[in-house]
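So, here's a batch of structures to check.
Next come two complexes built around chain A: one with chain B, the other with chain C.
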Partner chain A sequence: MPARRRPDHNPGLPLAGPRAGPGTACHRAITLRRCVSFSLYARLARYGFRKHATYVAAALAGAFTNSVFGVLRASILIALWQARPGLAGYDVTAAVTFCFVTQAFIGPMQLLGGGLTLPERIRTGDIALDLVRPAPLQLWLLAEDLGRAAYQLLVRGLPPMLAGAAVFGITTPRDPERWLGVLACVTAGVVVSFAWRYLVCLSVCWLADDRGVMVCSMLLTTLLSGMMVPLTLFPGALGELVRALPWAAMAQAPADVYLGTASAGSALAFQAAWGAALLALGALATRAVRHRVVIQGG
Partner chain B sequence: MVRTYALLAWTWTRAAMAYRASFALMVVLGVFVTATDVAVILVLFSHTTALAGFTRDEVLFLYGSAGLPFALCDLLVSNVDRVSQHIRAGTLDTMLVRPVSTWIQLAADRFAPTRAGRVLQAAAVLGYALAVLDLDARRLWMLPVMLATGTVIFAAIWTLGGAAQFLLTDAPEVVNSFTYGGGQLTQYPLSVYGRDLVRGVTYVLPLAFVNWQPALYVLDRDDPFGTPGFVRFLGPVAAGVLALLAGLAWRQGIRHYRSTGS
Partner chain C sequence: MIETERAGRSFKVRGAVVHAVRDLSFRIEPGEFVGCLGPNGAGKSTTIKMLCGILTPTSGRVRVAGLDPSRARTALARRIGVVFGQRTTLWWDLPLRDSFELVRLLYKVDRKLFAARLDELTEALDLGGFTRTPVRQLSLGQRMRGDLAAALLHDPEVLVLDEPTIGLDVVSKAGIRSFLLRVNAERGTTVLLTTHDLGDVERLCRRVLLIDHGRLAFDGSVGDLMATAPGTATIEEVVTRLYTRGRAAPPPVEPV
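And then the complex of A and B:
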């Protein structure tokens, strides 16, 4: 019984014979085919978590820096809210909380860019290997990225919140339902963030140099996610516009759910719409890349 | 020393110029990156006329007078904070055996001429603030002094950060809190921050002397925290002491460095 030839089967590997035992290509192929399911992605997420859990010191250093910047930014917001109490529907405590919540998102949402090794793999040609893996590249990386985000939410997310609570005092949602909403919105935010970063990374296939797009992406994300200043402070139509863009789904939307100034339902709908749109665009781009890699001959 | 630095920097500049479109794009983007900080200031002041007692143009003066030395140091010496990368990659060893100061080599390593855009951006903001603020001409002699002081202080902080990485090889990002954090802190009047933080950046890490204390003199304002008048002129002293400490720390770091053998 010859192994069924799959369209993405790597012709470099021999097709396995009927007596193929554990450890051979056939065994591997069968195992993998069985794994193209939820359990594969769950395992990838776990590996993503463990991969980043290796660098505890680096994550804690990042958390420290995020906390310091949180204190600096919160001080500025306090000065503003002292001049204009109740501005944008927040009181001083809400503004300070917003500041530390968004600082806590920097790690999990990778608001300063990075988190994917894709550009490096495209430049070196390793992407060819990734494209023949037994699961779609985009979902594969998404699963890993969710694991990474879970780890960074714990190690880079909690310290800034604790620092904010210790230095200024912050609010926390009272009822468990809102916590559940916050968790859902943070997860959706990570998906939107991944979908965006994936697109940015794939652009390297067409542009020889990735630094330009990376800086562009960082510029848009830091300013338009609400990390530097709440998007509710942007004036008039500009404010309306920036709150409808995908970057708002990465920090502003989940932070508003945390503060209770937006309902989890509407925030999730907004995030889901952008997540779906960006992931679909990413899937199209992946198809284009697949053809491109073949043309180049690997 | 300066000649070696210039030679190394020119080498990296030529390398960066090889891709002209990318080079131009990076210069422009660099301007935009720092311009986001100005955008934030403008957004804040679209809701208020004064932030902790300072007007928009005064804050822009503070932004420009700290941003210019910060951007200069970011261009010229910030690469010393990549010590930990060189330690891990083993490339520090090759620098140690060359007949040029290690600090010079590190500062010029991967010199990014595209960061010059940020210097121009900060200078433009400072120029705007000087034009719109009606400053007392007899107090403007302080401006070049404070820019020089700020440059020395930021360069010293980056050097201290590099020295700290001999210990913090696995957690280099801690240093960013003090280098980039210092850049962020000095963009706003220190009256925004809490009393303890301001004490810390006055008497421990003298970031207050980059622009806050001398700017109080230039703007002819009293210190909301009530420091006596002579403190406005202590900037050069503070910068000198910090530079000395940074030099000592750097030497200690280099002396105690043990190669990983890679």
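And then the complex of A and C:
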């Protein structure tokens, strides 16, 4: 019987034995290295970008739809703001700008839901392969989703903005710092959106069918993210509540920074808090999945 | 290398407890080539999932490469390679070699050793013609070879295969089989495979485990397996006998 070598391609690997279990020095070293393996996640983001870049026609069709609906939405908002000038602290131009900025967010932040293949993988049992990998599932998918978002920001984000600028005229931030702030807030918004969608997807493990939760999630997100109307329109305590919920971190917060009605710092703090909370919840849910779920199929 | 001790796994399905695997005890030494047989629903895949750390046993103990799979899953993943014949780890929309590159980063394999290993696998599995092809355009045989390469790039000590030859034509099957024999002989990699293809068992496995109703129903060499039935029986007949013990066997189908 051939004797087994030490895995010499990677001297860092622990040998089997009592020193290799969790909580030991070896295990901690591995966990630490796992945290700093930035190149893996950078590569995943790149693959996420390229994977979506293979479906150019779909992205362009999405961009066209987002632009057309942007024009419709803007027309309604213009009528509203002409009847009630200064409503919610916006003038007509700000309202129109808000409309097209949030239209541009639909793709990258997947405000209509979806974007993750997880429910399909759970249903078919392919999730088993994801669970074998020595990398945290949530972080893996987040990296991939950020790549997807970057692609969709370019292909589905720019056209509605250009359409808005051409048809109605929209304002743009003048100084580069504000642009940086907008970019940071958009990224944070994608993270919050991912964390929320990840939780929605994992619910399939318990429900076996995702259509119901998907519809609920879509309703909540379209209504409460600011994609339909600015959240500043909601009156009183309801408005306070709506603006403090995680969905507000997706479209409203970055749009506010774009319009200059909120500082990038406070918006980022709000987004970071929700991002951290939802990701933590996602990590807990992933652990529960590991322990509970029946992995479907042979 | 692989050891289970009265391992069991039960699931709650609508309040009722279903025992997918119970009291499973076996031991596989380093360098062995073991086939795992059993009727559909016997508990083979559940066993494999416990060995990979995807499922936690509800009773008993499982050790792979000296580690408890469910607790040291990450450490274990670096030391085992897993292929599920009906699924793929490869990136559907990207060229095959991009998936390999990800494996390198995931398992932190040194660049030089990775290149050497990839060359070796490209030659052994004849991947040369399609490493730049998006995975969705590969045939099933090509994809399976790609999946095998991806599972072996980090040079694991144990290779676990769940129906690796499912759906493949005779030529592709033969290619995969001779490759697996080579991996086992040259690198001393311990191989455990589940299959419904008795040709796999006859040509590859020195030892057979037969799981039925979640229990170990047979453990021995292919010769021992054949000896469970009267002299002239083919391996198909032998296995049918074992699968249908205590049940009525389906009537034999005569060739037309």
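The criterion applied here is as follows: the second predicted complex is superposed on the first by the 256 of 298 C-alpha atoms of A that agree within 3 Å, B and C clash if a C-alpha of one lies under 4 Å from a C-alpha of the other, contacts with A are read in each partner's own complex, and residues count from 1 in each chain.
Note that a residue touches a chain if its C-beta (ideal position, glycine included) is under 8 Å from a C-beta of that chain, and two chains touch if they have at least 3 such contacts.
Small disclaimer: the values here were computed from a predicted structure and weren't measured.
Residue contacts after overlaying the shared chain place A:T65 against chain B, while chain C stays out of touching range.
Legend: residue contacts after superposition of the two complexes on their common chain; A:S37 is shown touching chain C, with no touch to chain B.
Touch criterion not met for A:P119: it reaches neither chain B nor chain C. In the superposed model, A:M218 lies in contact with chain B only, and not with chain C. When the shared chain is aligned, no partner comes close enough to touch A:G157: not chain B, not chain C.
Set against each other, chain B and chain C touch different numbers of residues in chain A, with C touching more.
For chain A in complex with chain B, the residues that touch the partner chain are 55, 57-58, 60-62, 64-65, 68-69, 71-73, 75-76, 78-80, 82-84, 87, 208-209, 211-212, 215-216, 218-219, 222-223, 228-229, 233-235. Note for the complex: chain B touches chain A at residues 19, 22, 25-26, 29-30, 32-33, 36, 39-40, 43-44, 46-48, 50-52, 168, 170-174, 176-177, 181, 184-185, 188, 191-194, 197. Listed in rising order, the residues of chain C touching chain A in the complex are 1, 11, 13, 29-32, 40, 45, 49, 52-56, 65-68, 71-75, 77-79, 82, 84, 86-89, 91-94, 98, 101-102, 105-110, 113-114, 117, 134, 154-155, 157, 162-163, 185, 187-188, 190.
Partner chain C is touched in their complex by these residues of chain A: 1-5, 7, 9-10, 12-17, 20-22, 26-27, 30-31, 33-34, 37, 39-40, 43-44, 47, 50-51, 54, 124-126, 128-129, 131-135, 290-291, 294-295, 297-298.
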